[in-house]
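Next up, some structures in structure tokens.
Both of the next two complexes hold chain A, though its partner changes from chain B to chain C.
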Partner chain A sequence: MDRRRFLGRIGLTGAALASLGAGAIALHDRHGTGLYERARRGPAARVRLPSFRVPDTTGSVQLAIARGTDPARLVATALGMLGGIERFVRPGDVVLLKPNVAFARPASWGATTRPETLLAVARHCRQAGAAKILVADNPINQPEGCFAKTGIQAAAAAAGARIVWPRPEAFSRVQIDGEVLSSWPVLGAPLLKADKVIGIAPCKDHNLCSASMSMKNWYGLLGGRRNQFHQQIHRVIADLAQMVQPTLVILDGTRLLVRNGPTGGSLADVTAGDTLIAGTDMVAVDAAGYELLGRDPARLEYLQRASARGLGTSRWRELNWRQDWAG
Partner chain B sequence: MRITTTRVICQVFFVALSLFLALATQFEHLRGYPVSLLLQLDPLVALASAITTHTVYRGLLWALVVILPVLVLGRFFCGWICPLGALQQFVAWAGGSRRLRERIQANQYRPLFAAKYYALSALAAAALVGSLQIGLLDPLCVLFRSYTVALLPLADQVAGHLHVRPHVHQFAWLVGLLLFAILSLSLVVPRWFCRVLCPLGAALGLLARFSLWRIHRDPGRCVDCHLCLANCQGAADPQARLRKAECMLCLECLERCPHGALRLAFLPDLDGQITYPQVRARRAALAALAGLLVAGWSRRSGRVNDPQPELLRPPGALAEDAFLARCIKCEQCVRVCPTNVLQPALGEGGIEGLWTPVLKMRRGYCELNCTLCGQVCPTGAIQPLSLSQKLGVGEFAGRGPIRTGTAFYDRGRCLPWAMDTPCVVCEEVCPVSPKAIFTRREQIVTRQGETVMLQRPYVDPDKCIGCGICEHECPVKDRAAIRVTAIGETRFADNSLLLR
Partner chain C sequence: MDQHSANGAAPRPVVRRAERVASVLILAGLAAIGAAVYWRGQQYDPEAERLDVLPLSGRGQAAAPGALPEQSVPPRTAAPQPVATAASTPCDGVPLAELVPPGWRLAGPPERYGAARLYEKIDGRAELYLAYDVQTLLFASMLGPDGATLDVYVYAMDTPLDAFGIFSAERPPTGATVAAVGQSGYQAPGSVAFHQAACYAQVLAAADTPQLRQHALAMAEALAARVPPDSADLWGAAFLPARDQVEPSLRYSKRAAFGLEFLDNAFTATYLRHGEELSAFVAEYPDSAQAAATLQAFRQFWRASGAGAPEELPLPGGTLLVAGGSGYHDAVFQAHRRVGGVAMATDRQGAVQLAQEIWQRVTRGRSRRPDASGAVVPSAR
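For the complex of A and B:
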């Protein structure tokens, strides 16, 4: 064998030995710790949501109640009382609108956000110079059907807003540090892109927690095994209020689902509420909404828990509030 | 342009059309496309369901568009239209042998190719006694089943954007593996499936005996070079006595013949042809007997006319014996189901029910405001329902809603019933009004001596429609604490629950 071939063959074997050895050492997991936890719930990478609030200025109105039937006028009137959309949305902002699109049924059944209300809010944001408007929810029913049948998809299209679909990859684990939820998979893709977040919720009866309004609306941003929340529903709803600090919440009480909630299923379950409540304190907004349902906020556990934790106040009349007729 | 080029364009068109229709069979894309058109064009679907039901259901009359030209021309459907045939041809072309001698060898007729007639015989015999099983082997059923169960979900996994919540199907691996086997076998013997097993090809082969146009060989010009076999799709022996039942009219032989010995002739002399498939009558009878026996034994296994708890059929599905006379296992209903609740059955419906649609509530739930499965069903196994018919409102208020079953609590697994823990997700998601699930408040003393108020859930069987969303959303995830069984299903009077 000549020298060249000898060196060639020795070199080849040597390279194989060296690369295999180096590979093994490079991949070596010496301690093997943390596997169980990582395998149990996926990557631990956690983010914390920023606060989306805009600071109150002295004398600013915190809660506005508009009475009337036309969603566009109600939105305009309520925003006007709060000081105009310009107070909340700056030119160039990315605004996330969070409607309740939980069920694949017509909005007239009162279980989901009215598309007219979403469209009106989106148009105000557009006027204020929002660069991009996102619409997101993780429905209980099949998402495509929910967005189509509630009319939210058409409203988003009409407003030039983009729907961020709750695909598996859109979720990330968010640090909450709540009473029950320490961290949870959240529909993070739109939240982490947004500068401002506006919740737009229907005002409706709920079988377990009595009422689903703007605080409960954030449930729709969660993924994972969220059907376990019912075991401690009031604590969890208070945690949701801690997780998301929105710019503004809008509680649409034009239609009230007064029984058979949160799904409804019949026009007979819906009554006219002729009211829209908007505010920066969602605990207060929900307390006012609960009264709209003819119930006493002092007896709604999650409102009291959220108040006690300083996330807002259920005694909404103590805030700076206004009321007006919408044309 | 050469005639074979025209044929290839035609084949590509129909493969693309099949894929387009499969993709369009989805809530957001339906837009009134005739998504089951290719299945309606399928003569075997029309013929076999005519045997089982003594009718030609609605759009199945389209099969005449294929059958009538077949009577005049022969199996042009196999060579020009069938997308599964085209895919096999593509695989053989792309990956098969390049050597001329091997290709001529691979395209010679073999006695094994008679097997498809025996398969057809067995399937037709089963159809005679009411069991429609052609969907097991019919190429369009195989293809659409493969699209729905194996190919599109995998494409969704790789590329995304088919469903927001990706769909999965039980035993997708089996359906995928069978398609893989069918296509791979084409590398060994081109169009192995068409030649050996396809019952549609066999049926068209029988009809082809009436053909007026046939490939005719002029023995005076033929030099026995066998080049005509180089691309022969049907292995129809154009180099000798043409087997008309095997000929797919691919017309490759005309292109290949260097001496002009072959032509497509009008009313040629039949002496130079084999007009009938070469089938042994006793074997065909034996195959028919096997079909009859299996169908008979299936009914004697007590799976069809006895209520089966796990056999949950979609809303609008006919009573089981009528359903089995129509379902072709094409999975169009499974494809269009928005929640993924419809799954191809393995054993749930017994041997005859293989790959028929069943509701699997752990996978999804039957959406209240949805009737898509019945809209796309080509054979009426699932009836097209209007929404008011499904919900039992308006003019259908007297009849009540279509029920797919009834939900029952497994109290030993239920959090408020067995574990002193609040829950009632089931009540929350119950879609009817008033809700079929209701609760009673009960004060209990926990193990720690604490007095707590619990809402304990019950099912009102008069209101429950068996949609299964309670089972789907139950936090006891592996085996839910509330489960739907078929009792109370509207389609089967013998499985009713309440005296109505």
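For the complex of A and C:
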């Protein structure tokens, strides 16, 4: 083979390879292949979240209501009534804090978790010896802006906590086996790293489900086009209570968004609630929170559905509960 | 004599080192391409779960030439985008970047969302806007010299009446004062909102300070000045008596007024009489057959809720159906293609009396009509 023919063949081969590569890139369905593979592999490819609950001991308080205005005192008082943070967090634990950071609005609007509350909880976890504190949520629109504007980013930094950003690689398909949600992509990376999970939610009105509290807070972990569930919102929220079994939930009712939720339309929609509710039964915590909004828990569909499934009780007064002033 | 000539076979080609290296490189390249395609296909992407309803709904719209491109999922870190110079509606084309107050700056490039992706910005709230046929949302956040923020939301609705509808739905019942901006507007702690033409706009401040109030109001006025005036026809206000009407309670519900799935295209208002609240309404349908179907739906609703068959009270030229159960009473009539009355009243007699007043207005044409500025003046329909 002479040099000219060799170079000609190399050129042809190169062109063929380039065409092949370009064709492969153009034709490759980057959305579909992975899903197909996951579907082919079946349920084994899906993640099932462990329970993060700490077993109740005899006589342990299940729900605590602290009244007052200062978030740090409210958190301390509520945790104190529950037996202290040491009941929930052990030295060396990785603790995930799940605030509501859904909107890029200041915390004063009552649509998101107060940063002061998150900071107080994080500090208690640190004092209990937590090795690492993670903070995670999946705001659909520009997470960086939401975390910054709500003040949660600054609070996390002040507490030495690490924010787990909702990057695509942080999502896993989680097996839920709920009424509506069989399995769904969830911001799973922080959940799978955590030993303990604490939900910290605002108490607010919601256009679709009447109120967004502790149980609805887990909605913020869902990926994908989650708005398609809005038509079945009550059943989905009950599914979420089935998906995540947290160590503790804290419902911040210091500011109540009583109208135009979940975003709020003006500061006139926010009233002072001066209450923080913490507990191990999030159905009960939400039932108490719903009363804080001046509404009847017996009429809130997702609470009743969750109660019927045995995920908690909406008759929170039947639990071992305490109430105290935080000064 | 060479080998070829000796045994008739072709000579074994001599493969040079360069050719071997090239071959190995080519094979390695092929393997790398294959591996890369496989690896990328295995990377999980939440986008894969996304159902693009835009083409399915048939309501998708392309961005107008020069308009801001619609945000896509997930708009993690939006790069600066060109400001709209042309758009499909006047609201959609408001140049937000030009409205930044002196000394302030844009916190990021203005954002634009179509109806199908509105939930990305106001997840959980979008459905309310969709019920009023929202078309697009323009959003910009502005940063002041002292770190204060103003967030501007401009919603392009389908019609001026839709804009009034969402405006009235979100207006706080207390704590707001009338603001002379747009067709009608209000200022509440931390916010200013108004509607004009098919636009509904909100300016939200991070806090309620006199300075921010001033900035928010100025921003709203500047916005309103960019929208051509086109008043909403508040036809229902004509039929709801002004006496004892709680201000500001006049609302337009495009769908499911009072949460009743069958009660669409209705104006509602709250009244306070003898210490009792009364919720009145007038709904309008394309023809009397559809109005009759709504009345029939009321009957079914009463049956299903245990209220039973309604009592029929005579009206001049019509009938008022009065049904009650669990301490609540409805008084409803049909007048041609309109259905009106009072719903969920605790005061039965008050409900009947107010429904009779509305009947008179609907059938006799006595009304109060809003003029172009939104003020209500007496007129006949």
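For the reader, a short list of remarks on this structure follows.
Following the convention adopted for this analysis, the second predicted complex is superposed on the first by the 281 of 327 C-alpha atoms of A that agree within 3 Å, B and C clash if a C-alpha of one lies under 4 Å from a C-alpha of the other, contacts with A are read in each partner's own complex, and residues count from 1 in each chain.
By our rule, a contact is a pair of C-beta atoms (placed from the backbone, for glycine too) under 8 Å apart; a residue touches a chain by one contact, two chains touch by 3 or more.
Owing to the predicted nature of the structure, the values given are computational and were not obtained by experimental measurement.
When both complexes are overlaid on chain A, the residue A:Ile10 reaches chain C alone and has no touch with chain B.
When the shared chain is aligned, chain C comes close enough to touch A:Leu20, but chain B does not.
Contact with chain C, but none with chain B, is seen for A:Gly223 once the two complexes are overlaid on the shared chain. In the superposed three-chain model, the partner touching more residues of chain A is C, compared with the other of chain B and chain C.
Touch criterion met: A:Pro143 reaches chain B and chain C at once. When the two complexes are overlaid on their common chain A, residue A:Pro185 makes contact with chain C while staying clear of chain B. Once both structures are placed on chain A, chain A residues 103-106, 140-145, 149, 166, 168-169, 206-208, 225, 227-228, 230, 260, 262-263, 265-266, 268-269 are touched by chain B and, in the other complex, by chain C.
Residues of chain B that touch chain A in their complex: 27-28, 160, 163-166, 338-339, 364, 367-370, 415, 421-425, 427-435, 439, 455, 473-475, 477. On the side of chain C, the complex with chain A involves touching residues 13, 19, 22, 26, 29-30, 33, 37, 40-51, 53, 71, 73-78, 107-108, 119-128, 141, 149, 151, 170-176, 188-191, 193, 202, 204, 206-208.
The part of chain A that touches chain C in the complex is made up of residues 1, 6, 10, 13-14, 17, 20-21, 24-25, 28-35, 37-38, 102-106, 108-109, 140-145, 149, 166, 168-169, 171-173, 184-185, 206-208, 212, 223-228, 230, 259-263, 265-269. Within the complex formed with chain B, the residues of chain A that make contact are 103-106, 140-145, 148-149, 165-169, 206-208, 225, 227-228, 230-233, 260, 262-266, 268-269.
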